[in-house]
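Labels for the chains are A, B, C, D, E and F, by order of writing; each one numbers its residues from 1.
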Amino acid sequence: MELLIFLILFPLLIAGLLAVIQAEHVRRAVVISGAVLVGIASLVALAFSVTSQAVFYSVPVNNIGILVFIGDILISGYIIFVSLKARQYVVTGITVIQLILLCAVEYLALTNHAHIPELFSDQLSGIMSAIIGVIGGLICVYALGYMREYHAEHPDRPDTRPRFFGIMFLFLSAMFGIIFSNNLLWLFFFWEITTLCSYLLIRYPNTDEAIKNAFRALLFNLIGGACIPIAFLVILLTGESELIGLHELVSAGPGLALIPAGLIAVAGLAKSAQFPFSSWLVGAMVAPTPVSALLHSSTMVKAGVYIIARFAPVFEGELIGILIALIGGITFLAASAIAISQSNAKKVLAYSTIANLGLIVACCGVGTAEGLWAAILLIIFHAIAKSLLFLSVGTVEHQIHSRNIEDMSGLVTKMPRITMMILIGIAGMFLAPFGMLISKWASLHAFVESVPPFGILLVIIIAYGSGITAFFWAKWMGKLIAVGEPQQKDESHIPGSEKSILYILSALTIVVCFGFPVISWYLIEPWLLTMYQSVTELISLSNIEIMFMMLFLVLIMPFSLARFTRSATRVPRYLCGIPESETMVFTGSCGIKREIELSNYYLDTIFCEKRISRISVGIGIFLIVLILNIIIVGGGL
Amino acid sequence: MNPFLAAALFIILAPVVGVLITGLDRILTARMQGRVGPPVLQPWYDIRKLFQKKQVAVWGAQSFFIFCYLIFIIFTGALFFAGGDILLVIFAFTLGHVFLVLGAYVSYSPYAHIGAERELIQLMAVEPMIIIVAIGLYQVNDSFLVGDMINHPGLPILLLPGVFLGFIYILTFKLRKSPFDLATSHHAHQELVKGSTTEFSGFTLGMIELAHIYELVVMLGFIWLFFGNNLFLSAVAIVVIMVLEILVDNCTSRVRWQDAITSAWFVTLVAGAGNIFALSIM
Amino acid sequence: MSYLQKSPWIIHYDASSCNGCDIEVLACLTPLYDVERFGILNTGNPKHADIFVITGGVNEINREVVKNIYEQMPHPKVVVAVGICACSGGVFKECYNISGGVATVIPVDVYVPGCAARPESIIDGIVQALKILEQKRIALKTTVEGTA
Amino acid sequence: MALTVLKNLVKGPATIRYPYQPAKVTPVTRGHLVVNINNCIFCGLCRAHCPADAIEVSKPDRTWKLHQFQCVICGCCVSYCPKDCLSIEQTYLPPSPAATIVTVTGPDEPEKNEGQEEGINKKL
Amino acid sequence: MKQPEQKIETITVSDLIHQVHVYHDDGYRLVQISCAQEGDAFELTYTFDRDLILSHLRIPADQKTSIPSISRIYLASFVYENEIADLFGIPFSGIAVDYKGTFIRTSVPHPFGTPQITTLKKKQEDQHE
Amino acid sequence: MSKQIIVPFGPQHPVLPEPIHLDLVLEDERVVEAIPSIGYVHRGLEKLVEKRDYKDYVFISERICGICSFIHGATYCQAVEQVMGLEIPRRAEFLRAIWSEYSRMHSHLLWLGCFADAMGYENLFMNCWKVREKILDVLERTTGGRVIQGVNRVGGVSRDMDAAEFRRIETEIPGLRADYTELTRIFDEDLTVQTRTKGVGMLSKDMAWELGAVGPVIRGSGHAVDARMTGYGAYDELDFKPVVRTEGDCHARCLVRAGELFTSLDLIENAIDRIPKGDILIPVKGNPSGEYYAQTEQPRGEVIHYVKANGKKNLVRHRVRTPTLANVPPLVHMLAGCELADVPVIVLTIDPCIGCMER
């Protein structure tokens, strides 16, 4: 399977190229062709995974393990260097600890050399690679137009675009590495690359806030990351060195794998921004929007849930799994609640990302086949819909110069197309015929039967969470379509590349919704079959019929629009009898002319950001400590 | 019964049943207030009247969203009576309400806007309990299909007393009855004028009224599920619950949204969640 | 009989009356008179209303308000002026701030005399208004069909 | 409250089913103003004291005019009439689509017969 | 029943603030401010109450010189002052909540301060065009 | 960016029976600013005094407001009588007191109903108004008008009540008392009413005095300010005790009014017991000259009728300082920081009477 090597190395090559290219049009060509090639290759990988069983592949190079180790040392060295420079001594300390642990691991691994294939690919890898390749590629192309405008608007910020695009592609490369690695030492190496890249991308604006938040991201990911070498030590000290292979470890069953899997899952929790680690993701919003889209929809955070999903079969019915699921559940609930109190569009997206990841983590944590089925669907739908949302918000931001949802009032008249796409994205996040809701439905099905009574606990959490989710999404939709004074339609300033990417993503959202049964039959179910041997029919046929009826209804609806708009006569708004002197202006008390101003509710007396995050960080820390305790006790036994 | 036949029957019969129930509700309310009240068919007259009026709107798009609302409420009911997956019924129901809310938002009028926000608060308040109802019924029936639930030979309510209680509590929200008629109410004297429906008139308002009637029937259908295949008992229960709702409507003032949502969530947690949690342990 | 006559919804506005007539309008809704018997509801919202029940002689700043409410009501609609003030300005006819009767601002279809107008008179007035409402609906239908 | 509600339910509605049942009136109810024109001397005192300016009196034409939709039925004129020919009756004026002015012409002074005319002048 | 005579104390405009302060410090409640025309001039009367006994202060006024507002002492006076300003056209200075002539909007400016408007309306005006 | 919602509240608003306007600025549903705007009922009727005979003007003064119609008329007459130095028949003063108390009860019941309605308590509204009809029946039976009584004259009243009528009233009183007890219990004890009124619209004792509140508003904040204590008219002979509560919230003001219903019944019984025989109207000759501030207690609080005359048949100035106007500053104070849902409750709690406020 040279394709795997290609997917890892090709983006690396592009990254190298981009880092040196200064000319903008050349960069453009390289980025577009690189993205297209990566996208095609990833789809080919997907196609392969449909047709074949898991493939294993050993890299035909000797002593490549040493190279990986050297790479690890270089990354750590760089981090130590920048953290010392920025006086972030905690970061330095953790990196040093990590390095020491890693040396020990390497020593053990060398003395006890395992013969396992370094790379492998199965249906899950196929799905992930398609997400990374296609959506990641699209985001990179989108970034071309976006970053030009970004620098035009912020002349004070250093323009290091060659490096920027280099890192973006490096990131893709590392993501492919993570999903194709079978050797966990490799996986860790790519893991650390993503951590480093995210740090670099977040601090891109180079403001004090960006730097601070970049270090926060680095710190949290390193804390999580430090758990992985410990897991390696456990593996290498307790058993056969073959278990350093991902596939081998998962197949070994909970008896041997539970403790390392638990430790690696903690790293996954940090990476996927679960409470108590969530604040790095919110802070990362200072970065340019394509970065947010890349980190929070299809890559970075997905690496976290990917690794947990990989180990999900190990967690089935185990206490550690339940605790992980609870962390996911609490995160889902708390992050959704906080999203209500936010008016910054990117923050809403950030919190809803955290919430959705929480749901995925919860599904993985229960570890049943149904749970995993829901988790994978969630990963797919979330990646598409969220990147669509991030990118369209980025576009809007450049047009109206605000990220505030309140400023998007009546956007439907100003930018009807973009608004339509935001609406599709939002609908995709919570409305009935769209994917996220199918997944939510599936996860309810999954939880209700699993590990009583904890499954029911998760069901209750979802029940509350879905009401909350509906609130903040619906009010945003409402804001977009609430028309005070019709504005001049003006979409011409939007770069073509941005627009076309948005079109592709919205089309994808709809296509995937239509196509989800196909995805389920050809990808998810076969994969689950290999993991769980027996798989029940997860979505019965009648439900698919229903889904289609609903989709049909939604599609047919726009046609009735024309008929209804014509017949009505326009009348002014009801203002208790006070006439509108001009549109939206009335004469109020003291003879003052007032403009009608409407804003959404933020309910911050109930859904107070500080209070909720303080409480849930507390719960999160408690649960993590509990997990680690169980591991220590379990390890000691 | 053939699911398509059942759905068709619902679409045709629900307005009849709904109008009668609403009409009787209005008479009973009037009698409780020491008045005579309107004729039984008054809701029907109202809807027909609204369809006769000339259409006015702030923006034409309003009607579109309300049309979607009506369609999805009807769809929800059809799905329900066809015996579909109850979770999907609930999601379609939510979808319908989101359309209502969007319709209210469109006009950018202060009262409709606040009504829409309150409508969303109500949605948020009842959503957990409705999902818990579905889960509780699943625990009893081992199936999410309404079609299976109505064939339950026993009385699910015996296992789900808390869930039933919680459901009745949030039914007040769904029927837009005092003390939880936050977003819009049947009579005019409220701080929001007509809340979310302020900017609708004529045909559009007629569609809303019709949708409310369908909604009522669906909500009463949920009560049925608590009594399995015992038709007689469920009919009695529906009557008793309706009378109880009307009584509560007449014995309370409207509460603030904070009290509404916290009390609904509290009841959901204690009665609803407690009940299904206990069931899962057993 | 059309449905319009079975379900007349009213909106009430006090265009500078002395309250006497307003409380009688409100009294119509209460148990003793209970106009809901005729399907009459007080909507409080011009966009839902068919009948505009207006009291008082319309003062300077109310002119705009009254017009605004009237315009927001969808056709067919009728105006019932309740009380002597609304009919002609009554004792306040000569006050500097009173325009003198609702008819000076919007067309009135039925006048209900009385100071204060009795609930029974108000009911009679609304019943009369229903006939006019029906005529207007038919007129409206024919003009619409004529133009179409 | 539940008690009150149930009591209402049991006691039945308090509604007077007007117009199927007659309206409440008392002997002193002020309904509308009438004039006995035969006794009127067209002195104009009623006009002068009417707070609503509802009356017009013309001695030469021998007419007594009442703007019915302007009269607030206060009874002020009644107390000033030197001939006690004004009185207030209990029944209410019916609503109408146009303002009503009642013009009553008195009998010619010399004959003093029963020739009384009532002209209702409607205009909008 | 015959009530006791009411005493009205007439003071100068410059004394007003001081006197009102005295009332305020003695725990009086502001009951009202009224205005009436006195020939060509106007008079303002401030009424206070303590233990159910009314006390009145009266100052002369005209439409040119502004009267100092007492709303810094009795906030509630803003309603009366705005009303008098609108109806009589007597200017006040420093009203805490100044409606600037929009408190009571009238068809004619200062109806009580402009003598000619008494005859503005004819008796036999046709109401129903 | 401010998260504000601007709501024009009124003039046409179903919770407001009368037009008044508030510019509400909300954050979520919390009121951050509420500026009232009035003038929607300003007719300018005080100016009519320059055109009408001072005796005929009674009928206009009664139409200042259709709710406290009777007391307005009586207070105007009282002011003119004081200016003219008239000693009116004692029986007339007693009759005025009886009718005043009936007016007060009808007004309070009306208010209790509207107040219930402002909280969305429709049934309670209906019940209050059902009881109120009984009061209106008495008023119509004895005066000829349901809401505008028209029996006040300068120099007395134009109608008398006979002994049969008094007996009838006395037999009706126990029934009314039972009705009042029932209603008061609901307002006092109903849980939902309590959540909507307790602690809402706080007006401290000091603020109430400082802002010049009157009537039930100031009595709900712990001051015994009631013009009836001055003993005008027949009140000096009746056993009157003001109803005072100290909580200063909407609930307290509501209960003050409910309590006054009982006080009124007591006063009526009292007056019927003590009413002297005699004339009800004395002939009035001549024209008044002088000025007078007449102070009486209306349902909404103390009202001041100021009358100034210069010996002609037209008065120079008639001015009414109505209770609602005095209660506007406290209202603005109470509205700050409340919830949108509380706005109608708080607005109604001063029992706004825009008709007389703006005249």
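Following the convention adopted for this analysis, a contact is a pair of C-beta atoms (placed from the backbone, for glycine too) under 8 Å apart; a residue touches a chain by one contact, two chains touch by 3 or more.
Keep in mind it's a predicted model, so treat the numbers as computed, not measured.
Engineer: So which chains are sitting against subunit D and subunit E at once?
Structural biologist: C, F
Engineer: Out of every possible chain pairing, which has the most C-beta contacts?
Structural biologist: A-B
Engineer: Just grab the chain with the largest centre-to-centre distance to subunit A, centres being mean Cα coordinates.
Structural biologist: Centroid comparison gives D as the farthest chain from subunit A.
Engineer: Please compute the C-alpha centroid of subunit A, do the same for subunit D, then give the distance between them in whole Å.
Structural biologist: Comparing mean C-alpha positions, subunit D is 81 Å from subunit A.
Engineer: Cα centroid separation between subunit A and subunit B, in whole Å?
Structural biologist: Result: the chain centres lie 36 Å from each other.
Engineer: CA centre of subunit B versus CA centre of subunit F: separation in Å?
Structural biologist: Averaging C-alpha atoms per chain gives centres 43 Å apart.
Engineer: On a C-alpha centroid basis, what's the spacing between subunit A and subunit F, in Å?
Structural biologist: Here subunit A and subunit F have centroids separated by 65 Å.
Engineer: If a residue has to touch 2 or more other chains to count, which residues of subunit F qualify?
Structural biologist: Touching at least two other chains: 5-6, 8, 11-14, 19, 29, 37, 39, 42, 44, 47, 51, 59-60, 63, 123-127, 130, 133, 145, 148, 190.
Engineer: Quick one: which residues in subunit A touch 2 or more of the other chains?
Structural biologist: 571-572, 574-578, 589-590, 596, 598, 600-601, 603, 605
Engineer: Could you list which residues of subunit E touch at least two other chains?
Structural biologist: Answer for subunit E, listing residues that touch two or more other chains: 99, 102, 105-106, 111, 123, 127-128.
Engineer: Okay, in this complex, where on subunit D does subunit B touch?
Structural biologist: 1-2, 5-6, 8-9, 11-15, 17
Engineer: Show me the residue ranges of subunit E that touch subunit F in the complex, using the header's touch definition.
Structural biologist: Residue positions touching the partner: 1-3, 6, 27, 29-32, 34-37, 45, 47, 49, 52, 54, 56, 74-76, 78-80, 83, 97, 99, 102-106, 111-112, 118.
Engineer: Report the residues of subunit C in contact with subunit D in the complex, numbered from low to high.
Structural biologist: Touching subunit D: residues 31-34, 37, 80, 84, 87-91, 93-94, 103, 109-115, 118-121, 123-125, 127-128, 132 of subunit C.
Engineer: Can you name the residues of subunit A that touch subunit F in the complex?
Structural biologist: By the definition above, subunit A touches subunit F via 343, 402, 404, 406-407, 575-578, 586, 588-590, 592, 594-605.
Engineer: Considering only the defined contacts, which subunit C positions touch subunit F in the complex?
Structural biologist: Going through subunit C, the ones touching subunit F are 11, 13-24, 26-27, 30-32, 42-46, 56-57, 59-62, 65, 69, 90-92, 94-98, 115-116, 118.
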